[in-house]
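Following: one structure in structure tokens, then a few remarks.
By letter and in written order, the chains are A, B, C and D; residue numbering begins at 1 in each of them.
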Amino acid sequence: MPLAAAAASQTSTGEAVQFWILGTVAVLGALGTVLMKKSIHSALSLAGTMIVLAVFYLAQGAYFLGVVQIVVYTGAIMMLFLFVVMLVGITAADSLKETLKGQRVMAAVCGLGFGILLIAGISNASLHTFTGLGQANTVDGGNVQGLAHLLFTKYVWAFEITGALLITAAVGAMVLTHRERTEERRTQRELSEARVREGRQVTPLPAPGTYARHNAVDIPALLPDGTISELSVSSTLRDRGQIRDVSGDAMRRLADLEQSSERWLGREGERPAAERSERAGLAGRDNDRAEEGAK
Amino acid sequence: MNPANYLYLSALLFTIGAAGVLIRRNAIVVFMCVELMLNACNLAFVTFSRLHGNLDGQVIAFFTMVVAAAEVVVGLAIIVSIFRSRHSASVDDANLMKL
Amino acid sequence: METLIGLLVAAPLLGAGVLLTGGKRLDRVGHWIGTLLALLSFVFGVVLFADMLGKDADARTLTSHLFTWVPVGGFQADVGFQLDQLSMTFVLLITGVGTLIHIYSIGYMAHDERRRRFFGYLNLFLAAMLLLVVADNYFLLYAGWEGVGLASYLLIGFWQHKPSAATAAKKAFIVNRVGDIGLSVAIMLMFTTFGSFAFNQVLPQAQQASTTQHATITGIGFMLLLAACGKSAQVPLQSWLGDAMEGPTPVSALIHAATMVTAGVYLITRSGAIFNAAPDAQTAVVTVGAVTLLFGAIVGCAKDDIKKALAGSTMSQIGYMIMAAGLGPIGYVFAIMHLVTHGFFKAGLFLGAGSVMHGMNDEVDMRRYGGLRKYMPITFVTFGLGYLAIIGFPGLSGFFSKDKIIEAAFAKGGTEGWILGGAGLLGAAITAFYMTRVMLMTFFGEKRWVPDAEGHEPHPHESPSSMTIPMIILAFGSVFAGAFFSLNSRFVHWLEPVTGHSEGDSPVSAGTVTAATMAVLVVGVGIAWLMYGRRPVPSLAPRGSLLTRAARRDLLQDDFNHVVLVRGGEHLTRSLVYLDHSLVDGVVNGTAASVGGLSGRLRRLQNGYVRSYAVSMLGGTAVLVAATLLMRAV
Amino acid sequence: MSFPLLTVTAAVPAVGAVVTAAVPAAQRTAAKYTALLFSLATLVLAAVVLVRFDPGGNRYQLTESHAWIKDFGLRYELGVDGIAAVMVALTALLIPFVMLAGWHDADPLEDVNPNRRWRPTQGFFALILLVEAMVVLSFEATDVFLFYIFFEAMLIPVYFLIGGFGDRAHAAGEEEAARQRSYAAVKFLLYNLAGGLIMLAAVIGLYTVTAHQLGTGTFSLQEILSARASGKLHIETSTERWLFLGFFFAFAVKAPLWPLHTWLPNAMGESTAPVAVLITAVVDKVGTFAMLRFCLQLFPEASKWATPVILVLAVISIIYGALLAVGQRDIKRLIAYASVSHFGFIILGIFAMTSQGQSGATLYMVNHGISTAALLLVAGFLITRRGSRLIADFGGVQKVAPVLAGTFLIGGLATLSLPGLAPFVSEFLVLVGTFSRYPVLGIIATLGIVLAALYVLVLYQRTMTGPVKAGIEGMSDLKARELLVVTPLIALLLFLGVYPKPVTDIVNPSVNHTLSDVHKTDPKPALEAKK
């Protein structure tokens, strides 16, 4: 991409091609942001649009902004979004079904009307040529220097205020997300007493990870009758439906493992598969019991 | 190429963002749409800067970015604290602002 | 000497101030302070009188300007005094009788724990009444006028724990206020006509003004008459006087017999110049006087309550005075003369009645008296002398003054003269009747005593000397005052410079009138003796004829008031309260409700969904953009 | 530049309000004394204003003038004429009594945690001082817009005083009391705001008129007057009438004039007696005062045009208010309707356009302030003792509390304009002033004095006389603090009743100025006119 040309007063054909291609991408990204069902997808689409915009900035001679757009916006702010999406839960997808009566119609009317008005307004203006930033970018020795010159002279007041705003926002965010402890922290003794008084789960919660092959916090423990113990996995995972089902799939894999080891030992095909799986279940239960006893 | 094309793109992105704000219920997505609108404005500013041949437009775009950052920080904090108390990130669930 | 006029008023005012704010500390000496200050005022009066006698008849008027009260533009109200012979007469009467009644009250109110306050009120009354008669302008007179009304209100309602007393006090004040409208409108008329309301500005110009402003002068006359009717209990504003007897008896004697109720007579006599210039108003005055003298007399015949009978009599006697005052220069002097003699004998009669009540456990019903002459000899004698004076027994003071009024009435001339003279004669007959009735029922016949509500048997006894001495002095006055005034037309010469006097030409000779008066007197006394002296008096009132029953109820005037004014007023206020709530307030509340309803509708737009608000924001922005573009395009 | 006496007079209570509000929650008594001290300081300053005012001098004295918002011609202009000086003095005089009378009205009910940061007492006294500051400023402002600001702003503290510190003596229970209180407060606010908004429109209209004709718009009363006098400013008849109506409506609501009076009985009934005094004796006076200062001076022709209607409304107010007072069962509402009647007299006097009428009306404002304060504050003591404001709950008070009954009677007698007490002088002046130009209206208005006697004496009879009713037996007589409130007021009533000259001397020249504004002179006596 010819950087020098971007600052010129005339647009090159190359820039036109770039505009039409990347502009399409940007619009698609924007539409994706609005229409994607999952917020993580929306975020990614938005990031795409932003990167395209960064390119446009660079193409138009706003080198500093182009870089900032990528580093700060796409890099930092979008990451912040992703963090929050993670905190709130990526699967909390909102349906696109409208619940407010007439909202969509009104939104369409207003949005379209507004867009048409904007476009009409722009087309009304007689914009034919760029003045170009060639001079502005060179007078102080570069785009960054030029911006800095403006920021610290003409806009220094606004700059300071914006700085104050940013600080306030940072403090505000901390205040907002900080959870005030409204009551005395309960001691371990009180907690255990409360547990006994409630009488529902006197013992500690069962640990997950039957047949753990790795850090298997998503694998519930199995109760003696073969069902899974809901209590053994985190409630967050449970809500997200991310509990791994051990009963069928895992058993089968275990059986395969046994089989392969037997094969490796040269005792292939001695027992039927059904019997094997039953024994595996029993073994699992034994294992469970042993674990509980240990606790 | 007509310089106005950048502005048309900017207007289009802005409108899409605005529509997103109106249609989506997930507060995070709504915020993303707001970001989209801000970015569309920034594009217009940068284009104006080039049209006029001075850097003031870029300075404004810069400020917009800072303000957007501040807004995102506070906004997301609000979303998080609302989510904590209501277990929902839907803007329709926060509808106490009526009699 | 001029400052003495101020002191005359100030002394009892000071007494009132000290007694009413002094608190319980003064309880033991309060009555002495009050009496002393009243006496002091009397002494000032006598000194002034002596001074006045030493001057020429035409130069006897003393004036004193204290300070400007209300100076606003042309409206200059001063606090200034004018003491002439007319005022002097009143000053002596007020302070003299007033002092006697203070002394009487020491004994009469001895057992009342609020005696100090009673004396405070009495002093307040004296001050206001003196202010009324020595004021040099109508505005200050009005202040005294209302002041005596206040004192009367306080004293009638002195026993406030009795609802009847409180009601009577309120009634007296309000009826008086109706009369006060008259006085205030009269003052306003004077101000708009003469630009002043001082006696020395208005009165000399009245005659001349009546040529151009006849209607106004007549209006002033009517308004003054309205005021006099209120204060002097003349028909149609007489209804309060009977009820006013709820007050302690000394009050009835001082205020509601001797002094305050005669203020109307003073007002009319004082404004003689205006009435002289307004014959229509004079006719109204004599009509009111004649009607009242008969009205009061009839009411007096029917009452069994001794004080109410005397109140009817007061009304009737003041009717005489008003009638005389309405006759113009031929009557003014005799009005005042009757006023003075009436002050003596009526005060004496009331004090006597008080003495009787004092001895009879505060019983007021004459049907439960009887035969008291043996038990209360002094009271009997003094009351008897008062009785003889009021019926006009020859030689006693009532004879001289009343006879003169009847003569003057005939001297008015024409049909009017005959009617008024006839009314006067008829009134004299009825007076003789009802007073004889009172006398007979109270002091003669057999005992009809009954135990009071608490079962105490009455033990009639003579009152203490603090009560009897004033009665004796007043009886003295009732006997000799008339003769003293009439000798050499002393009183006429005394007052003539102020009120003017003309003899008039009577169609009947003085002797004839006197003979006629004597004749009706005998008839009245005779009938009364036949009815109450020869036959025993039933201790429960018989049903009586229609007239008697009407008279017992003050000739239905109260019933009329009750139905028309009280009931009507209640309905009016109640419906206004309702209207205020439903109509005036309702319109406003209705507006509020409809706005509320509208905003309730509009509130639906405010559904709490942020996205809805965002839509309206975007819509609004679109409209603004459109407007901007359009403005550009145009 | 001379010492800004007027600003300071208003600033002292304003500062006092802040200081009082800042007193720590637990130090309630200290807050009361602080507030009282500031109100007394204001009284001293107001007395200085009165003394420094020279009746023979300029029309407006002690003036201060500073540009405020140049672009809109807003000025900070203060100045007093005789009427304003007297009204400022009245305001400053009454506030200490209001505070003393309401000494315990805002004490928290028992069992309040002393550590709570709840501070109603501080708030109560601070709000009273705030009202005082606003009222004083609206009496002093000679810039129409400046006046408007304070005229409206005083609604806010009064609103909180009515709604936040209601009468504790309520028959229908706590909840109903709260409901009625908020109704009364909102009604007060809405009525006055409605009037104020219309006035705002008229104020802006006045500005556009002056801007159009003088080149630069102005709100300054004196500039407008001098421009009109020099012929530079000529407001068209119809414009003048509309502007007049806009101003008058706001003042008539505040005054209040029939039929805009219905907020007053509610507001006075539901608030505590001291606050009711504040409303009727101080705040409402701004309405009648403004009629004199703004309606007549700014729009003389329109005032004359509207006079017949206004006079009739005033007479209706007199009679109607008095009749409704007779029909009331609630002591404070009775006094409120009596006040409606009295405000009718004041407006009658103002628009009779005679020197007696207007001097009388000004004097009436002062006297009504004092007499209503006396009557209402004693009524407040009575109500607090019994815990009820229904007349029927009283009877025979005179027997157990004679001093209370006596002061109540004196207050009542002042209300019914007994000669010797101050209101008589003013009432008679108003009547004479009216009568000399409009005899029929004068006579009808005179009927009001009978009705006044009726409602006062009926009230006295039912509450004070007769046998002692249940609930009255143990009633205590006035305490030292209460006597301290009542005695000076009564003394003042007596003094001004006998010697009102000091006040009339200050007021008369200003009234003559106002009359010359409307080109009216007193009618000549008929006899002189003939000659």
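Heads up, the rule we're going with is that contacts are C-beta pairs under 8 Å (C-beta built on N, C-alpha and C of every residue); 3 or more make two chains touch, one makes a residue touch a chain.
From a predicted model like this one, the values you see are computed outputs, not experimental measurements.
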#### Entry: Chain at maximum distance from chain B, centres defined as averaged CA atoms
C
### Message
I'd like to verify one number: the distance from the centre of chain B to the centre of chain D, where each centre is the average of its C-alpha atoms, in whole angstrom.
### Response
56
## Note on the structure
Whole-angstrom distance, CA centroid of chain A to CA centroid of chain D, is 68
### Message
As a quick test, compute the distance in whole Å between the mean CA positions of chain A and chain C.
### Response
101
## Note on the structure
Whole-angstrom distance, CA centroid of chain B to CA centroid of chain C, is 91
### Message
Residues of chain A that contact two or more other chains, please.
### Response
100, 103, 106-107, 110-111, 114, 118
### Query
Which residues does chain B have that touch at least 2 chains other than itself?
18, 22-23, 25, 92
## Note on the structure
Expected list for chain C, residues touching two or more other chains, is 609, 611, 615, 618
### Query
Which pairs of chains touch each other?
A-B, A-C, B-C, C-D
### Summary
Given the complex, residues on chain C that touch chain A span 609, 611-612, 615, 618-619, 621-622, 625-626, 629, 632
### Task
Would you pull the chain A residues touching chain C in the complex into a rising list?
100, 103, 106-107, 109-111, 113-114, 117-118, 120-121, 124
### Message
Under the stated contact criterion, what part of chain D meets chain C in this complex?
### Response
190-191, 258-259, 261-262, 320, 323-324, 326-328, 354-356, 359-360, 396, 398-399, 406, 413, 418-420, 424-425, 428-429, 431-432, 435-436, 439, 442-443, 446-447, 449-450, 453-454, 457-458, 460-461, 464-468, 498-501, 504-505, 508, 512, 522-528, 530
## Note on the structure
Seen from chain B, its contact residues with chain C in the complex are 18, 21-23, 25, 91-92, 94-99
### Task
Using the touch definition up top, name the residues of chain C that touch chain B in the complex.
603, 606-611, 614-615, 618
